[in-house]
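Chain nomenclature is as follows: A, B, C and D, assigned in order of appearance, with residue numbering initiated at 1 for each chain independently.
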Amino acid sequence: MKVVLAYSGGLDTSVILKWLQDKYNAEVVTFTADIGQGEEVEAAREKALKLGVKPENIFIEDLREEFVRDYVFPMFRANAIYEGEYLLGTSIARPLIAKRQIEIANQVGADAVAHGATGKGNDQVRFELGYYALRPDIKVIAPWREWDLNSREKLLAYAESHGIPIEKHGKKSPYSMDANLLHISYEGGILEDPWAEPEEDMWRWTNSPEKAPDKPEYIEIDFERGDAVAINGAKMTPAQILETLNEYGKKHGIGRIDIVENRFVGMKSRGCYETPGGTILLKAHRAIESITLDKGEAHLKDEIMPKYAELIYNGFWFAPERKALQKLIDETQRNASGTVRLKLYKGNVNVVGRKSPNSLFSPEFATFEEDSVYNQKDAAGFIKLNALRFIIEGYVRGKNK
Amino acid sequence: MKVVLAYSGGLDTSVILKWLQDKYNAEVVTFTADIGQGEEVEAAREKALKLGVKPENIFIEDLREEFVRDYVFPMFRANAIYEGEYLLGTSIARPLIAKRQIEIANQVGADAVAHGATGKGNDQVRFELGYYALRPDIKVIAPWREWDLNSREKLLAYAESHGIPIEKHGKKSPYSMDANLLHISYEGGILEDPWAEPEEDMWRWTNSPEKAPDKPEYIEIDFERGDAVAINGAKMTPAQILETLNEYGKKHGIGRIDIVENRFVGMKSRGCYETPGGTILLKAHRAIESITLDKGEAHLKDEIMPKYAELIYNGFWFAPERKALQKLIDETQRNASGTVRLKLYKGNVNVVGRKSPNSLFSPEFATFEEDSVYNQKDAAGFIKLNALRFIIEGYVRGKNK
Amino acid sequence: MKVVLAYSGGLDTSVILKWLQDKYNAEVVTFTADIGQGEEVEAAREKALKLGVKPENIFIEDLREEFVRDYVFPMFRANAIYEGEYLLGTSIARPLIAKRQIEIANQVGADAVAHGATGKGNDQVRFELGYYALRPDIKVIAPWREWDLNSREKLLAYAESHGIPIEKHGKKSPYSMDANLLHISYEGGILEDPWAEPEEDMWRWTNSPEKAPDKPEYIEIDFERGDAVAINGAKMTPAQILETLNEYGKKHGIGRIDIVENRFVGMKSRGCYETPGGTILLKAHRAIESITLDKGEAHLKDEIMPKYAELIYNGFWFAPERKALQKLIDETQRNASGTVRLKLYKGNVNVVGRKSPNSLFSPEFATFEEDSVYNQKDAAGFIKLNALRFIIEGYVRGKNK
Amino acid sequence: MKVVLAYSGGLDTSVILKWLQDKYNAEVVTFTADIGQGEEVEAAREKALKLGVKPENIFIEDLREEFVRDYVFPMFRANAIYEGEYLLGTSIARPLIAKRQIEIANQVGADAVAHGATGKGNDQVRFELGYYALRPDIKVIAPWREWDLNSREKLLAYAESHGIPIEKHGKKSPYSMDANLLHISYEGGILEDPWAEPEEDMWRWTNSPEKAPDKPEYIEIDFERGDAVAINGAKMTPAQILETLNEYGKKHGIGRIDIVENRFVGMKSRGCYETPGGTILLKAHRAIESITLDKGEAHLKDEIMPKYAELIYNGFWFAPERKALQKLIDETQRNASGTVRLKLYKGNVNVVGRKSPNSLFSPEFATFEEDSVYNQKDAAGFIKLNALRFIIEGYVRGKNK
């Protein structure tokens, strides 16, 4: 059997690599992607070689631009938020990994794929729905659901007895973490008590608002058709945009949340997230929409957003209904171009200005003064007919005095 | 004709009072409500008397408890936000005023009501839909749509020529404002340029985050069936809850927003809002829901929320569909009891803990370890059947390799 | 182990009964319900006794009234239709069976329940979601997913070798069928070719339209708060209502459909259904709503209906979100009282009249003539403000000539 | 002033023509379209000439193909039905008329448009929203809201005194009617009593089911990407498709409905409609979708359909949100190709077969037998995880025995 493994180079996926070789006698192909998690991906090559992977079976790729351009940005066009709080940082990265695994499997003639997600989480679903959607006959191996290495001790013992190097750099974090260009997440440890506040040193990416600069900073983001394309006037690629916004967000303590969420697999879980650049981007995107979108399409977007966000959270990125919703969303962005000005200060992102050549905001229509387009007397008829069903109901059901 | 006027005691509604007497030869009944706008309502009595209103025709009422209990709290059960940002502070107060005007009209035998909202805004709609829903044969007088006093100068001239006292306390604010226990709003002035940032002294209620204390403060809010009932363990009435949260919010610079919104009457308008207590309350309410609501009902609420919020924004509080949605929402709150712990700091409201006797969060189900209820192998079947439609589609449409 | 089995008395569940005794050494408790499937339920008693079930372990109940009152009628208040066609006849019966099984299990101290639904259908889900919702620690046995009796031949061989009587009344139907007071369903056989028309003799309940009477018949149905309460003036219980409407429907060839539907478990399946009384009832219910419901609540119902129907189809009757939706739906029915007149003729159900003391239909408001409530000039303002966003967009984006 | 009038050639619009000349001293441009209403449109030319319209100001066009191709077919892709019953036959024709009026106004340099819709109906809204969406500065004249000819007598008197020929062909229908290729509608007369059944001779287009042939007829419709393209194997244009289906529907008594609907302007009205071809087409379209659409996209379509239908009913065809929804809908139709077989008999349209090269129906996945793709044991995990939230809730809230 030939298996393409989503390989980080860390202990867990190294044990999986070995276990696949042993248990399935598999030829393992490793796939390691840089999606902005902030670790050196090339280090995975040496580790894979050491574990006996053939050089031609080691795939290491920089997917940061594709990640932001084809996954993060389309999602932000929808202002997607899961359960009112979560910006879907982990959810949106999984489909891309799954897609590349299948493409590599097709390329190298592999008949299986494997991942290191556990059996209680959402990520197993996100990976596997992606696999099946892109190649229905693929064999999926999810070691955490199969083996009995279900404790840290057993895992370490397996590593030791199979010659897998265990790095001993300081103490292991008590949290389970995941990171990419959009966010870093924390689960487990004391977070399992939803009443307990995480200690400050859990947060790895952002300054705390308390330690952020005492002086506000202003930035401007340019949008074209719903996507950010420049910061303070400097044109950038999608990944550069997000990296730059991350820098601003980290500096100013922006984008931390601490929530209890509902997993697709049925239980609640506590998660803490840092999404510095994404938090800024969402605010800015809503602001550019506020002056360039028609009310009808803006409200339609708000109504379908929870469903769209749930689809991404649950792993249905490649589902036809996600794609159909995307068509709707993208159509609404045709005029969402212009500039948003934001003030960043100690955890706060405030919109302070927005402008656009496509702006539908027109002070002469909104203000006190009479104008040629809007006759205030029209409002009487507008109200009367909106009220008509109440008036009729009142007459029929005897509400008069 | 006998008219019940929503009377603030200010210049505009005093002019209206006089104008109703002159133009309609009306016997005017004034209704002045304390809904937490922060002005002394008793002052309206003397003014009304001076303008010739009979003592028995002057109604001054403290509606703060009713406002929070029957309007604000039911709305917060829904986590209602209009267009992703606006907490509906003005919208939610209008139906209560309309209701009391009609009740007074019925009591005193009036055949008309009048209000001081302009002909381009949302408030005229909110007042009048309320009037018609509660008494279909009521005559509605909206002077701003009828008269030609369509500039500040004409208004002042009318006041002067009709003996209406014009208070000359410093310079007039360049903003149009509205306030109640939930919020204060600003429109007009330089806000008509959506690129212009309002100067700091526009904001009246909250400290700026920059001037807020340098030390975070923690508070705890207790909920019962979706409504806040105590702060830091002290039981309070609904209005006291909101007043207390307003104090915390004001101190810590919480709840300012600056948006461009879509009015019901069809144009966009720029508005700035301070909703200090409401901003804290919304965060806290979402947090208590996060551990006590079932996923299915939580997601259902998120899906119907935009419609619910739009109904309130548009003035349809008394519409049957708002009431039907409220039944749904209230049903979901039966277990939403418990305590939320929040950290307030320079504009930030962060949830740091939540607990409830009804909590559905159960760390043993969410974590790594095996448990009796959840068999990780079940996940394989769950994923496989969720993927089945993709798999079949793939087989049928030839996506295999 | 003590198991409560949903027992029909037929071959399949008799084999299951025996298999539970053999495989699990279980004490089997049989539960047989009359939900209007049109078979003599008492016959199940003797069969159970013969298979060694203790007399006190045999439960036979007439649930027809409960079925219609607490399941069918609440569902019809929502005008629930799955995928535009299916009236949910099978779906709505499963939760009731599941509920009674759990109640009996609690009563007799059983620790398990079993059903005869196969491993590819929706019914296994509907039964088991009901079980778990009502008693989370219940053990569920689904023999069709466990055993290897996966062909008719093996089943018959097992029956013969274990002394289970096989009734040899004519030839076995080629269709898999399910029936209750609301409908009868057909699957399998030539229906597996979606291009093939089923032969006329498949349909068991209704006359074909061709053989239905050549003369139309008129009936009147009275509703109270959304539920049918009388036919042609004769008050009836819920089950009597449905039985009577079934008679009318059968006579006039009403309620056959032939569809391909999407199962919850992920594949498409062809099904034919006869829902004679339900088809009449749905038409009549929509008609009484048409004159008694406010537009806002009627449209809200239409918008949430597909979700409500999907919940029932998927087996989520006891889910909190179904209950919350029901609160909304029931609230809208408070005025849905009155009488509907229908014409039945060869497959057609046509509404020809509707009346109600709560009617909101008022010809004086709808017709040409001027009236006191509706001023035609109001329409100009109504249209102008509804168009305002288009007008502004047109001005801003240069659509003028 | 130069006005483009939607001119039918009948009495009402002839009076309007004259009135525009007299009242506004307007140069009238007449626009008469054949959208399949079944009347000779060329007759309008002579009438217009007689009333003094210049030959170059008379526009008579055959819009039947455009009507079906660009309006009816896109709408049918959505399976649009208003309030569960109405196929939107009148609603869908108005935007096309409005669009051509504006185009002609631009071409001839007119500054106004006029229509003959009354001040209480939906059509005025549909026309005028179209006008404003396409040319914001257009002047709209709606004579029925302006003049005082508000009775048949006054209209006739005006006609007589202004030399407008009144055709005296038999007695005037007591109903207000509207027709196009999709349907004919009836309002007014005895229909204003919702309890009264219309007499048989009101219906103009279809045989009554009683008089329809005693023998069923089978037809086959081919679809490509959601649109019907052939009947019984014969390729046809969109208008030919609808005309041919109308013939079948008329012959077999298909497509009559009798409803009370909620108008956009706030009151209920009784309407009877004949939509013979459309009724067949809708059934067939749903059937081709049933085998070619993925469940997720099919359900998404069902969920957004009521909103889409309401937009069309209310006249928002040119609104951005309708266009965005259309993008979503059209995306789902990419595989909706194949053939549907239908049986037509005395008012009934029954689907009896459907096939497609893109069919997702696969009997091997749906049936009893074991297969390679679907492992029945997967269902256990699927159910268990779908039930997990109920199980946890049960444990936490003590539902065990």
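One rule holds in what follows: a residue touches a chain if its C-beta (ideal position, glycine included) is under 8 Å from a C-beta of that chain, and two chains touch if they have at least 3 such contacts.
Not measured: the values here are computed from a predicted model.
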**Report entry** C-D against B-C, pair bridged by the larger set of C-beta contacts
**Finding:** C-D
**Report entry** Separation of mean Cα positions, chain C and chain B [Å, integer]
**Finding:** 42
Requested in this report: Would you mind pulling out the distance in Å between where the CA atoms of chain C average out and where those of chain D do?
Outcome: 31
Report summary line: chain D residues touching 2+ other chains are 136, 262, 265-268, 294-296, 299, 303, 307, 319, 359-360, 362, 365, 373-374, 377, 379-380, 382, 384-389, 391-393, 395
Query raised in the report: Based on which chains are in contact, what kind of graph results: line, ring, star, complete or other?
Result: complete
Query raised in the report: Within the complex, which stretch of chain B touches chain D?
Result: 294-296, 358-360, 362, 365, 373-375, 377-382, 384-386, 388-389, 391-393, 395-397
Report summary line: Residue set of chain D touching chain C in the complex reads 79, 83-85, 105-106, 109, 118-120, 124-125, 128-129, 132-137, 142, 144-145, 150-151, 176, 188, 192-197, 209-210, 214, 216, 256-263, 265-270, 286-287, 290-291, 295, 298-299, 302-303, 305-307, 310, 318-319, 341, 343, 345-348, 350-355, 359-363, 365-370, 374, 376-377, 379-380, 382-384, 386-387, 390-395, 399-401
**Report entry** Parts of chain C lying in touch with chain B, wherever the complex brings them together
**Finding:** 136, 262, 265-268, 293-294, 296-297, 299-300, 304, 307, 316, 319-325, 327-332, 373, 385-389, 392
